[in-house]
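Shared between the two complexes below is chain A, which has chain B as its partner in the first and chain C in the second.
And now, the complex of A and B:
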């Protein structure tokens, strides 16, 4: 009933290449966007913005970046956190050196720094694969975080060793720094995430996406259909690290407000990797589903039992959170490697057939 | 979705070599892996427009020969002249640029991708729109995508695989996978198509279909084909000329009837020790 594809015949390849060949998908997205742009902002509390909405968006973006590399191009990375750090520090230096620079421009440029570093650390992928490549990216992770600590120029020689986001205006509205309102920051992040998601969908469904997937599925055959492995892999590292870097800049400038080097350490890399795995490798939608789950889980654990009068202290929340995520990762790796996105695809399929299964 | 394509539109581009002229000339090629001699001093040629079969017992060096031709292996000795250009070594993607496409003995498809995407991937090198246009999708990138989609749909119609267009190829039965792999190679619009055991593991009906596709590709598109095949009946029916390898050496070369009655060939297939 909801998903009726009958009567929606495609009369041209153009229609077949539309973003939503099935009209109900477009309607559903429209509803989600109305919630995101109108309903949430007018109903959400300060807490909901800071603890749920903004982090969900930023983590989705980071996972999207990682998913381009790992899910689409098949190159495992354990250094996502450090690449987010490169984006954040680059943005910090840009706004320090050029205080007049528009924040959108600064964030867009900072992605190029992480992209360049990503390509550099992606070079080993030309020779090594799988586990060994993962170790190489782990080396990048350690090296970069060490650099964030030791290279005082990066944090403007602050005694604390931390970077502190100044107040930054965009069109007369403060979007970053202590004066910024949660709602302004939410809208900013939402717009950036929507734009990049749109671009990512287009790249992954066209020629470049097919080349990435070809390299992922069988690199020898990819080479023998004329795909240049080196260029294709490095392009994946570039695009992925660009998106990850943008996510890192947003992470600090539009959410945390301040950061120390160890914020970008391995736990962050793993959190983003878990989101991508739970959401579904090789899916765009999955990043959002995964981020919602990972960000909301601790909030649910700490608030739901409380509502029933069962007290849970914060250490308990932490432990439960880790245990549940661990169990979920194992479950997904064993049962459904394509993650939550596949569950949605199955539900959607049911709706299309409903009420006449087969 | 698409009317059956006019075969006249599908002919391969002219490269100045007349039908029957030498398209590929392999001269005195030797290839070894450590101590194992896979190919010993083999010379053979492929004429434009023909179907050339390479046969021989297991381990004879047939697959290695294809790997040499499309640049996957570099022979220790010998030269290869393709379309009049001589070379000792080149990268596989350069072979593609020169018009060589191939299929594999063990299907080498992109398992997670649909039939359509697999065949579209065969056109990657012909698509030029850069990432900036791809990001926007609408406009030039979409026009290019549709232009190539039309070519791919012609191949899908030709191979009669419309019903599996959206199916991930990993879920297809082996016979259909072989067909999709042929489709991907055809999408590259090769001058020379190399097929490594295209009918291995197929039943009789599937073999007949595949034979028909191979003949149609050769006749309608004018594509030159070099194929490895074990089924002697199929080889004799399909090919214009046959070369026989055994233990990495060439033991016979000529029209099917001649080769069939060659004593060396009979011995090799019967396993007479030598």
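And now, the complex of A and C:
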């Protein structure tokens, strides 16, 4: 059927370790990229860009960052929201101190700030594990949000304590700020997300990724085979926080346009963690699936009654929405505790074997 | 990133869903008034009566008069739960047809404010939002009548000092506020005034997560022994603060709140013990007014209202304030209809209308809302109107008017407003200002 692998022979190690050992996967990815780059931009309304496409991409990126740390390297973190905040505030300060700086450079640099903070709060991971580490990262969460509120320099002494994104051009096109068109912002986010996803896929399937997985599965054994635990764990914190920081900068600059410290409080961390868990820990695809479920589905559900002309109060829709999403999360986790990515992998296996049961 | 068929299926399904949602809303001869309401979440208790009031006034016009000058008003709510993210989503969803944006949170206002110049839809934020929005030349599309937060802060200080701010010298004023853009709004003005008049300002923030449990803040208040506590609270924070004040036996007559901290429900929790608590307000409930009789007859008794009658919501400050908010909006729409001779004014025309509201005492009387709202008028340079307000005082069972009409000390506020407005425009350059306005 769709996934006839017969006739695809691997004649070298290189072919066997290719990114897409099965040709259909590559075709499928190509189709999705065509959708993302060509078809969506031409069909989507501004609302679809701002409420569905851009947030899904940004949340996927944040979950990807967390997944590197929690899914691949096995270090549980509850500080994602705060690390996103570090990226956002760093980008804001860079742009306001150096207004001439290219926005791509500013976003890329802001990732290093959150990476540095991430490594700092990752230090306890050398001594503690699991839930205890989660508490240490929770401390980062509380401390950083408090800092965002109290350190007025961070928000340029703005009276309301919020940061506002100015208009920023990239090669003559406004990509950030109130004048930016949704399509320009979408393409910007899409390119950044694609580039980082490509980087993440390759790093997780290479030497470093294997070191992370070894540490995740059993750190004593990993140490015995000669993996330097300190370097590996801190590298995971570094790479993860870098990606999360970039997601945070995009979150504010390419989507929200303004932010106050409370935005980066613990609900955001939990939201990203849910995306990673429901999507599937230790998977790249899962982040995207999880973000679609957690971020996009509520928006779609809330527009259903309006689309069919059913007169329901918006408050009622909101209550129903929370119930439906909650039920779906539980249902998915019962059906497949390893997340949506694993769910898809099972479907794919079935496709490959189809029409035979085994 | 392989195996993404599912992503594709889901996203294309989602795209189709949105595609359908757009055109299905038919355009007809009515004025579409969206409201970014919150009847869910931690602020639902205070939000719901306000939304009910706004909704009921529009229902009244549709039922009693067949709309406004014969045009039906299409009131619609989009639920935000006071969440900025949801608010922006709602803004994007409604903006295609909306004549006005009613953001209903200072956070959401700050988010949509920069977009107002691009999307060209006026923002109406009665009694909330960014205080420098009063400068209509800079903030062409934003309105916060009839009084801004800075006006409110000035009036409170004026009232507690019996009209002479210098009498506050060496006194200590605790400023208990929600740690959110809303709560921080008056701080710049209070700091300037503290400096000038020599009183000591102690800002005490209450985080969103600690609204219900303010023991730490009230411990600080007990330690500092301030002469007055001024509160900028909202939602669950008000009830928390008032119960804590009763518990710590803070004298209620030295405790003053902004208009959003004057919710009947919060004071009913403490009843008699809350006696003496004051809240500044630009609206006063008057259930005897002719307008209220009409609301009762055409909306409440006709079963078209969502208010909770057994709880006395009809008489509450917030419900009647919600009505007044719709009165302000409808006055703006009416002005636009008459000026441009159109049935359904465009957002640009409504912008003119909101700039030319004239709700003087005669007009309020005509509407049957005599004494329920401060009289005010707006202009192209004055988007707030600065109508002032009254002190409401809790008498143990309800809020009663406890002062004459207070007015803000504009001479102290205006320079700061102009300065902050200019700063905002500079930070958001290119920011178009209204050059035509010569006032």
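One rule holds for everything that comes next: the second predicted complex is superposed on the first by the 326 of 358 C-alpha atoms of A that agree within 3 Å, B and C clash if a C-alpha of one lies under 4 Å from a C-alpha of the other, contacts with A are read in each partner's own complex, and residues count from 1 in each chain.
Everything below uses one rule, namely that contacts are C-beta pairs under 8 Å (C-beta built on N, C-alpha and C of every residue); 3 or more make two chains touch, one makes a residue touch a chain.
As the structure is a prediction and not an experimental result, all values here were calculated from the model.
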Clash or fit, chain B versus chain C on superposed chain A:
fit
When both partners are placed on the shared chain, which of chain B and chain C touches more of chain A
C
Could you say whether A:282 touches chain B, chain C, both of them, or neither, answering first, second, both or neither?
first
Could you say whether A:52 touches chain B, chain C, both of them, or neither, answering first, second, both or neither?
second
Tell me the contact category for A:220 with respect to chain B and chain C: first, second, both or neither.
first
Following superposition on chain A: angle at chain A, chain B versus chain C, Cα, nearest 10°:
150
Classify the contacts of A:28 with the two partner chains as first (chain B alone), second (chain C alone), both, or neither.
second
After lining up the shared chain so the two structures overlap, which partner does A:257 touch, if you call chain B first and chain C second: first, second, both or neither?
second
After the superposition, pull out the minimum Cα separation from chain B to chain C in whole angstrom, please.
14
Pick out the shared contact residues on chain A: the ones touching chain B in one complex and chain C in the other.
19
In the complex of these two chains, what residues of chain A are touching chain C?
19-20, 25-26, 28-29, 31-32, 35, 40, 43-48, 50-52, 149, 156, 159-162, 164-167, 177-179, 197-198, 201, 256-258, 260, 262-263, 265-266, 284-285, 288-289, 292, 296, 299-300, 302-304, 306-309, 313-315, 317-319, 340-341, 344-345, 347-348
Once bound in the complex, which stretches of chain A touch chain B?
10, 13-14, 16-17, 19, 199, 202-203, 205-208, 210-211, 213-214, 216-218, 220-228, 235, 239, 282
Tell me, which parts of chain C touch chain A in their complex?
1-8, 10-12, 14-15, 17-22, 24-25, 37, 39-40, 76-79, 81, 84-85, 88-89, 92-93, 96, 106-107, 110-111, 114-115, 117-118, 130, 179-181, 184-185, 187-188, 205, 207-209, 420, 427-430
In the complex, chain B residues that touch chain A
1, 70, 72, 91-93, 96-97, 101-102, 104, 108-113, 117, 120-122, 124-125, 127, 129, 131, 134-137, 141-142, 144-146, 149-150, 153, 184, 188
